[in-house]
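Quick one: the structure is below, and I'll ask about it shortly.
Going by the order they are written in, the chains are A, B and C; count residues from 1 in each one.
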Amino acid sequence: MTTPVLEVRGLVKAFPVGGGIFERLRFRKGQLLAPQKILRAVNGVNLSIAPGEVMALVGESGCGKSTVAKTIARIYEPTAGEIRIDGQDVSHLGFREMRPVRRKLQMIFQDPYASLDPRQRVKDIVIEPRRAQTGRTMSRKALEEEAVALLARVGLNAEQANRYPHQFSGGQRQRIGIARALSVRPKLIIADEPVSALDVSIQAQILNLMMDLRDEFGLSYLFVSHDLSVVHHIADKIGVMYLGFMVETASRDQLFNQPKHPYTKALLSAAPTVDKALRKPEIEITGEVPSALRLPHGCCFRTRCPLAFDRCAAERPALQAQPDGSSVACHLHDQTSVARSA
Amino acid sequence: MSETLLDIRGLKTHFHTFSGLVKAVDGVSFDVRKGEVVGLVGESGGGKSVIGFSILRLIEPPGRIEAGEILFDGEDLTKKSEVEIRAVRGGEIAMVFQDPMTSLNPVYTIGRQMDEMLQLHTELAEPARRARCIRMLEDVGISEAESRLNAYPHQFSGGMRQRVVIAIALLAGSRLIIADEPTTALDVTVQSQILKLMRRQISERGAAMILVTHDLAVVSEMADRIVVLYCGRVVERGRTEDVIAHPAHPYTRGLLDSIPRITDRQHRLRQIPGTVPDIRELGSGCSFRERCFRAQPLCAEKTPELAPVRQTLDAACHFPLEETKA
Amino acid sequence: MTPFLSSEFAFNYRRNLPAVLGSALLAVFALMAVLGPLLVLQDPYDVSQLELMDSFKPPAWLEGGDGRYLLGTDGQGRDVLASIVYGARISAFIGLTAMALSCMIGTTLGLLSGYYGGTVDSVIMRVADIQLSFPSMLIALFMMSAFGTGIVMVLIALTAVGWVVYARTVRGSTLSEIQKEYIQAARVAGLSDLQIIVRHVLPNVMTPLIVVSTIQVGTFILIEASLSFLGVGVPITEPSLGLLVKEGFDVLFSGIWWTSAFPGLFIMFLVFGINLFGDFLRDELNPRLR
């Protein structure tokens, strides 16, 4: 078996909130304390991506999918858990040890406006990861030639290399972001909602480009998105997240044909579509996502789940392998109890 | 056919910016009938939001309504004085924006903001106003409405805030609601709740709605008729089923093809090449011709006019697409 | 130059009368400060050029005035106009140098505070808060009386007062910049914190600094003038505008008003010009205020 490009085990990320130490100082029962509020963004996520594979993370805002992506990219420090890139555990590498890893792992960002430094020329933006790798060993001229070649690959010309980001449209900026990620020829690209800020016609262009690049460079993607139709188009397998938990992972066809978790079903039926034939009777879910500052005990989805029962409040369901190869975290699909009752 | 409520004829809204004249809306005509939802779709730069703002005369300099008529119940809104139009805003015509936080005032309670609307547009006394506010909140699916009246906007989640905004919009008995990307900032599960709510409230009250959005899937589920905009002009308009199933304009076709379908998965999506042209540098001819797979020399010479292609569908194209047999 | 002249910035500038007036005032003062010695007939600090006979001459247009001394003379026969020209050079030097120093220190602290946050931020910002809770004059006065006077001490005192504005401005912009994804992109690219701060954050927080710096030069000139007026500023051998006002003030009540009034008016117009121009820059460069 080949080593997965990315393997994540028990990833946890919690953010302390509430400001600096002076802001949090409180007197309580005669003691001076600085209590810390904790935002539990990711609560034990496992995933693995094989070379050339595209895995998508879907879920609604606040479900932790972007945090997973950015923690793997080591923009954030993981609170606990293991992140293996190409077999190497990088979860606690320092800045210097992390630098060689960045050659294998790059990222494409959501906002085509904020993800490019407005004061840098496009050619400098594109070549920045490469320059960080090579240090002073490459001449400026050689770097610039590489930048122009990269830009050409994503559909921009040499003359545009000397411009600043504000002279480009959203779609073109996203192409620049993709060229930047490609500059070190990574094995894995983490794409955080790369098309959600773009118009539909441009979105299709970028998705096509990403698929072409995957074939050309043998890339793997971790593709974060809230848009199920985009995910269906690009992903080989999909993980559905809710409140920092992975509630279901399955191959694309399994997930879209036989969704198991009630939340997955709700997501699928809520997504608007132009295909009339696809409009399903809806799983009515009400209300909104609870705060990650105070997670509900038991199953995190029970507060909105139409099928919740006693056990859901008492016990948090674990992600369990199903007979068809998918995994679901729901008491309705508890394999041990199924086995017992059988 | 039901009665026409709003009739926009040849609307032109231009922005005189430093870098040139932006013809954001350039000769747009469509109508809205009572009890109907009309979807305005198009990509950014299409001018769809500017139309909404033009109807309520919320265009600030350097923008200006240059020409056209906006007939609401037969009265031309472009000719009304500032005082008269203020009575229309929030009264006869209400608006729901994308970001509910900007349309609610953070320093006043929900109750006060709702009450203000009723004070402005009705003659009701205090207890009656309060009762109406409570009923309205219940109608939009907010539980414990009475105590929620004393809450501030920040105490609500995004979806709840949008419900409140919709409640305010419906409160004064508006006959037309302009919803500008009302669910774009919301999650899908919340979006479907809000869309259903809006649909139900519109039909129950016999009001009409203009739904401004970039999302074809949303309009196809919500709207009775669709108006497709490109570079400030209507390129296609017609009944939703026809526009979605058999579009006549290549741009509409391209938009529909760009959406990844769950039913048939291809390795590549059919994409519209290129990007939206700079609206300041549009010459004569069809503004879509450079991205169009059917473009011919005529398209550069003559700007196509909106003309009936089929019974329920108009398109502005010299070479409209045939009705496909599905 | 043509693309600049036809830019929106230049267009707005031409239509903004206060901005044109302010920058015209500034241009006149700048010319005076640079070309000063060439414009006036007398070097007021070369004793050999002074005529004691000509002391306390009123301005030229008044009775007893002398054509050689347009704005009159002081008690030692020094031409008031010449003193102003030489004083303006000293004031401008102090204002600009103090601005540069406090900009460097404040920007560095603001960057660290905003970028690292946490305890670093808390400590720096609380020191800034304490600093701001004292009137800046009081701090400067205290420092001057504790550590002595002289141009260097004036500069240190002004920097001690001025860094806070920079630190706060830079911290604010830094906080909003580091939220943006291009900073995260730089981190993914493998840049160190220092590289990120220098290459990405600093260039993007510069714009508000231009505005702050303009206004700060005016403030520094005023504080320096006040210090010198109170006698704890520059030494008598290098009289700034403030010192001129003080010197003239001693004889003000004997009817000799011109020796203090003209330097005072000059300070007023100088700071007025700076502020007019600074306001224009702020409106133009700060999109949030539009």
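Operating definition for what follows: a residue touches a chain if its C-beta (ideal position, glycine included) is under 8 Å from a C-beta of that chain, and two chains touch if they have at least 3 such contacts.
Small disclaimer: the values here were computed from a predicted structure and weren't measured.
In terms of the stated touch criterion, the partners common to subunit A and subunit C are B, listed by label.
No other pair of chains shares as many C-beta contacts as A-B.
The chain with its Cα centroid farthest from the Cα centroid of subunit A is C. Centre-to-centre spacing of subunit B and subunit C amounts to 53 Å, using the average Cα coordinate of each chain.
Computed from the mean C-alpha positions, the centre of subunit A lies at a distance of 32 Å from the centre of subunit B. By the touch criterion given at the top, residues 43-44, 157-160, 187-193, 195, 214-218, 220-221, 244, 254-263, 265, 267-273, 275-276 of subunit B touch subunit A in their complex.
Interface residues of subunit A facing subunit C in the complex, by the touch rule stated above, are 20-23, 70, 73-75, 95, 98-99, 102, 105-107, 109-111, 114-120, 128-129, 132-133, 177, 180.
Subunit C contributes residues 8, 11 to its touches with subunit B in the complex. Remark: subunit B residues 18-19 touch subunit C in the complex.
On the side of subunit A, the complex with subunit B involves touching residues 60-61, 169-172, 199-205, 207-208, 211-212, 226, 228-230, 232-234, 256, 266-267, 269-275, 277-279, 282, 285-286, 288-289.
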